[in-house]
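Working notes for the structure below.
Chain IDs A, B, C, D, E and F follow the sequence of writing; residue 1 opens each chain.
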Amino acid sequence: MNDKEFTHLTKNGIHMVDVSAKSEQNRLAISSGNIYLKKETIEKIQKSEIKKGNVLTVAQIAGIQAVKNTSDIIPLCHPLRITGIEIDFDVKTEYINCKVTVNSKGQTGVEMEAITGCSVALLTIWDMVKAVEKDSDGQYPNTHISNIEVIKKEKIN
Amino acid sequence: MNDKEFTHLTKNGIHMVDVSAKSEQNRLAISSGNIYLKKETIEKIQKSEIKKGNVLTVAQIAGIQAVKNTSDIIPLCHPLRITGIEIDFDVKTEYINCKVTVNSKGQTGVEMEAITGCSVALLTIWDMVKAVEKDSDGQYPNTHISNIEVIKKEKIN
Amino acid sequence: MNDKEFTHLTKNGIHMVDVSAKSEQNRLAISSGNIYLKKETIEKIQKSEIKKGNVLTVAQIAGIQAVKNTSDIIPLCHPLRITGIEIDFDVKTEYINCKVTVNSKGQTGVEMEAITGCSVALLTIWDMVKAVEKDSDGQYPNTHISNIEVIKKEKIN
Amino acid sequence: MNDKEFTHLTKNGIHMVDVSAKSEQNRLAISSGNIYLKKETIEKIQKSEIKKGNVLTVAQIAGIQAVKNTSDIIPLCHPLRITGIEIDFDVKTEYINCKVTVNSKGQTGVEMEAITGCSVALLTIWDMVKAVEKDSDGQYPNTHISNIEVIKKEKIN
Amino acid sequence: MNDKEFTHLTKNGIHMVDVSAKSEQNRLAISSGNIYLKKETIEKIQKSEIKKGNVLTVAQIAGIQAVKNTSDIIPLCHPLRITGIEIDFDVKTEYINCKVTVNSKGQTGVEMEAITGCSVALLTIWDMVKAVEKDSDGQYPNTHISNIEVIKKEKIN
Amino acid sequence: MNDKEFTHLTKNGIHMVDVSAKSEQNRLAISSGNIYLKKETIEKIQKSEIKKGNVLTVAQIAGIQAVKNTSDIIPLCHPLRITGIEIDFDVKTEYINCKVTVNSKGQTGVEMEAITGCSVALLTIWDMVKAVEKDSDGQYPNTHISNIEVIKKEKIN
C-alpha cells in the first residue's frame, strides 16, 4: 500500500495530517441527500410546513450544529473555521431532498462538514416522523436515507 | 393535522415527549447502510484490512461514539442508557455494507441510535479514503452513501 | 461555616455530592423567565410566528438541548435521566415569557435543568433578533433577560 | 417581513449567515447580570469567599467554559476564536452582580458569548447555594436571576 | 489470541460489550496519581491554597467534569450513572497527590472514570502553574505526572 | 503572591488570559508517557498488533480527539487551531511508551494539548486491556501510567 493514498494511515497507524503549510483560503462544499418516506408522511409534512415548518426547522438546526461539530463526530477531521451554513429542502412526492452548503476559511476542504450536516438533517427528519412512519409492528419497511453525495467542492479566489 | 401523529409537535411548537410512564425494558435495534466507492478504493481497503483494518476500526469507533451521543446530535432524542454496541462491515466489490446493533435498557426505542451510528461509520470511511476517491478535479462523481435503514427493532422480554 | 449548608463545599474544596442512597423518583420542575425587547421586534416575531414560528422554534430546540446538557454546563450537577421537556412561550407587548417544564426519573431534583433550559431559550431569542434589536451604534440599550426563577419543584408519587 | 431584519431567517427557514467577506478584527463585549439571594445566603458566600472563594471560583470556571462553548449552546452562533475571558463578581447585600468581558479575533461580535457566560456563571451560583436558598418546602420563592444585558460591544484595531 | 481476553476486540474489530444482562449495583472506585513540580511552585500553591485554593479548586472541577464525561473521552466506555465524586489533594514538598473517589449505580465498574478524573485534575494543575514551572527556554525539564493507578475497586452490596 | 506568576489567577479569582496581542505562529509540542502493564498483557498486544493493531489504533483515535478537545477538558485552555497530530507507540517488554506531536497555528503554545492527548491515549490502552490486566480480585496491583512529560516545545519560524 502506498501511504500517500490513504493520507490518514502511516506505518504507525492513523494520524491527523499536518496542514500547517497549506494556505488559508475561502472554501465551499455542497452536499445532497434524500430521505424516502411514505406518501402519507410527506403530505403531512407539506401541510404542516405551510402551517409551521417545524419538522424542517428542527432538521435545519440539527444539520447546522452537525456541520459545526464535524471534527467531534468524524475522528480525523480538522477543527475548521466555518463561516456560513445554508440548508435547503425540496419536498417531493416520495422523498425530501436536502442540500447543505458550507463556507469556511481554512486550510482544508469542507466536504466532510457538508455531508455530515446533510446526513444529520435527514436523520432528524426521520426522528420527527417516527410516529407516522412506523408500521403496525413498529418497523420501518420502506423508510430509508439514500444518495448522500458531494455535489461540488471548490476554493474561492 | 392530528397532533398525535407527529409526537414531537404540539400547538406550541416542538417538545421532547415525556416517557416517564413507560416501563424500562431491554431494547434492540439493528440498522444497515452502504457506502459506494471506486473498485480501486475497495481493493485498497480490503488489502489494508488484511494488514491492519485501520479504516474500518476508525469507522467502528466513530460509529460507537455517535451511538452514545445520539441525544446530542438529534435534538429531540432522549438521553438513553446504551448497554451494548456492535458494528460489522461486509466489504463487497463495489460497496461496503455497515450493520449496527444497539442494545439498551430504557423507556424508548433505539432505532435513531442505530441509524445515527451507521451514518457516522459510513461518513468516517469516506473521510479515510478521500485521497484515493477524489478525481483529478477534487470532486467525488460516484461516491455516495445509500440505503440507511432500520432492519429490526424489538423489545426483549 | 456549616459544611452542610453549602452541600458542594467540603473542607477540601468542592465535590459532587453522593446521591446513591437516595431513592429514584419521578420528579418535576417548572421555571420561568422573560426577555424584554423593543416593541417593534416583538411585533415582528409575532407576525413571523404566525407565518413560521422559526425564532421560537429555534429557541425551543436550544432550550431542550440545554436541559439535556445541564450536567455539562453546570459543573456540579449530576447527569440525570430526563424523561420529558416542554417549553412554552407567551408573547406579550414588551417581553416574551418562557416556561420550561422538566420531568425526570432520578435521585435529585431538576430545578437546575429547568432554569438552564429557560436561560438558553431566552439567550437564543436574543441571538435571533440581534439585527433588529441593536441600535445604530451596535449597542443594546434596553434589551435584557430578567426574572429567571423556579416556579415549582416536586416529587411525583 | 423583511428578511434582512432577522438575519438568521430566509424564505427556506433558518441558516448560519455567511461572514467570510467580513474582515477579521479584535472585538470586545461586556455583559452584566445579577442573582438575587437571601441575605443569609449572601452573608455565607461573603464569609466563605474570604476563606475560600469556592462558590465564585466554580461560577467563574463555568462561565469561562460557557463562553468557549457558545456556538454549541446557541444554535446559530459562529464558532469563534476567543482570545481572553474575564469574569468579575461584586457581592452586594441582596444580590451578586456578575460582569463578563470577552475578547476575540474574528469576523463577528461576541455579545452572545458574553451574555451566555454571564447567565451560566449566575446559574452556577444558584446551583452552589441550593441547600441554603431553598425554603422548608424545597421551593425558591425569592431567588431569581435578572438584568442580563450587554453593557458594551466594540471593535478594537 | 483469545477474544475473551480483550473484551473490546472481536473478529470483526472492536465493539462496546453488551452489559444488559449484568445487575445494577452501587459501585466504587478510587484512583491516585501525582504531579511533580518545582519546590518553588509547590510553595506558591501552598501559600495561595491558604489564601484562595484556586489552583486546586479549578483542578477539582476539571476532574469532576472529566469523570462525568469519561464515556466521551474513552471510546469504549459505557455511559454510566455517576452518583458521587470526591477529589482530594495532598500537597507534599515535591509533588501533589490527587485521589479521586467515584460512586455509581450501574452495570459496569467505574475505575476508568476514577483514573480519567485523576489524570485530568493533574493536567489542570500543570496548566495553572505553567508560568512558574517553565524554565527560561520555555521547557519543562522536571515536571511530570506519574503513578496514576487504581487503589481500590468494589461493589457495594 | 505575584499575580504574574500564576497567569490564570487574579485578585478576583481565575480568568482566561487575553492573548489577542500575541502574534500567530506555527507551534509544535511533543509529549511522552508510559503505561506499565503485565508482561503477559504486553505480549498479547504485540501479537494482536501484528494481526490488527486494534488496541493501539483505538488509543490513537482517543488521543487525537483529546488533543482537539483540550480546551473543553482543561478549563483555562484557549480554543486553538490544531493543524496536525501524530501519535506513536513503542511497545517495550514491561511498558508501552506513547509520544504525541501536536502542530498548530496560533497565539499560545500547545504543550497542554500534547500531554492531554498522551494521557488519554494511555488511559484508553488501560481500558482496552482491563480484562487481562485485572487480578482475580478485580484489582490492578501493578498497572500504572507514569512519566507524562513535555519533551519539546517550540515556535517554528
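Odds and ends about this structure:
In this text, a residue touches a chain if its C-beta (ideal position, glycine included) is under 8 Å from a C-beta of that chain, and two chains touch if they have at least 3 such contacts.
Values in this document were obtained by computation on a predicted structure and should not be read as measured data.
Identification of common neighbours of chain D and chain F yields A, E. Following the contact convention of this document, A, E is the list of chains adjacent to both chain B and chain F.
Where chain B touches chain E, the two copies mostly use different residue numbers: shared numbers make up under half of all numbers in play. Contact tally for B-C versus E-F: the pair with more C-beta pairs in contact is E-F. Ranked by how far their CA centres sit from the centre of chain D, the chains are topped by B. The chain with its CA mean position farthest from that of chain A is E. The distance from the centre of chain A to the centre of chain D, each centre being the mean of the chain's C-alpha atoms, comes to 31 Å.
With centres set at the average Cα position, the gap from chain A to chain C is 29 Å. For this pair, chain A with chain B, the centres built from the Cα atoms lie 13 Å apart. Along chain F, residues 13-14, 52-54, 57-58, 61, 65, 69, 75-76, 81 each make contact with two or more other chains.
Each chain pair that touches appears in this list: A-B, A-C, A-D, A-F, B-C, B-E, B-F, C-D, C-E, D-E, D-F, E-F. Chain contact summary for the complex, chain F toward chain B: residues 52-54, 57-58, 61.
Those residues of chain C that touch chain D in the shared complex are 1, 4-9, 13-14, 33, 44, 47-48, 51-52, 54-55, 58, 61-62, 65-66, 69, 73-77, 109, 111-112, 115-116, 119-120, 123-124, 126-132, 138-140, 143-150, 152-154. Residue ranges of chain F in contact with chain D, taken from their complex: 10, 12-20, 71-72, 75-76, 78-79, 81, 107. In the complex of the two chains, the chain A residues touching chain D come out as 26, 53, 56-57, 60-61, 64-65, 67-69, 81-89, 103-105, 156.
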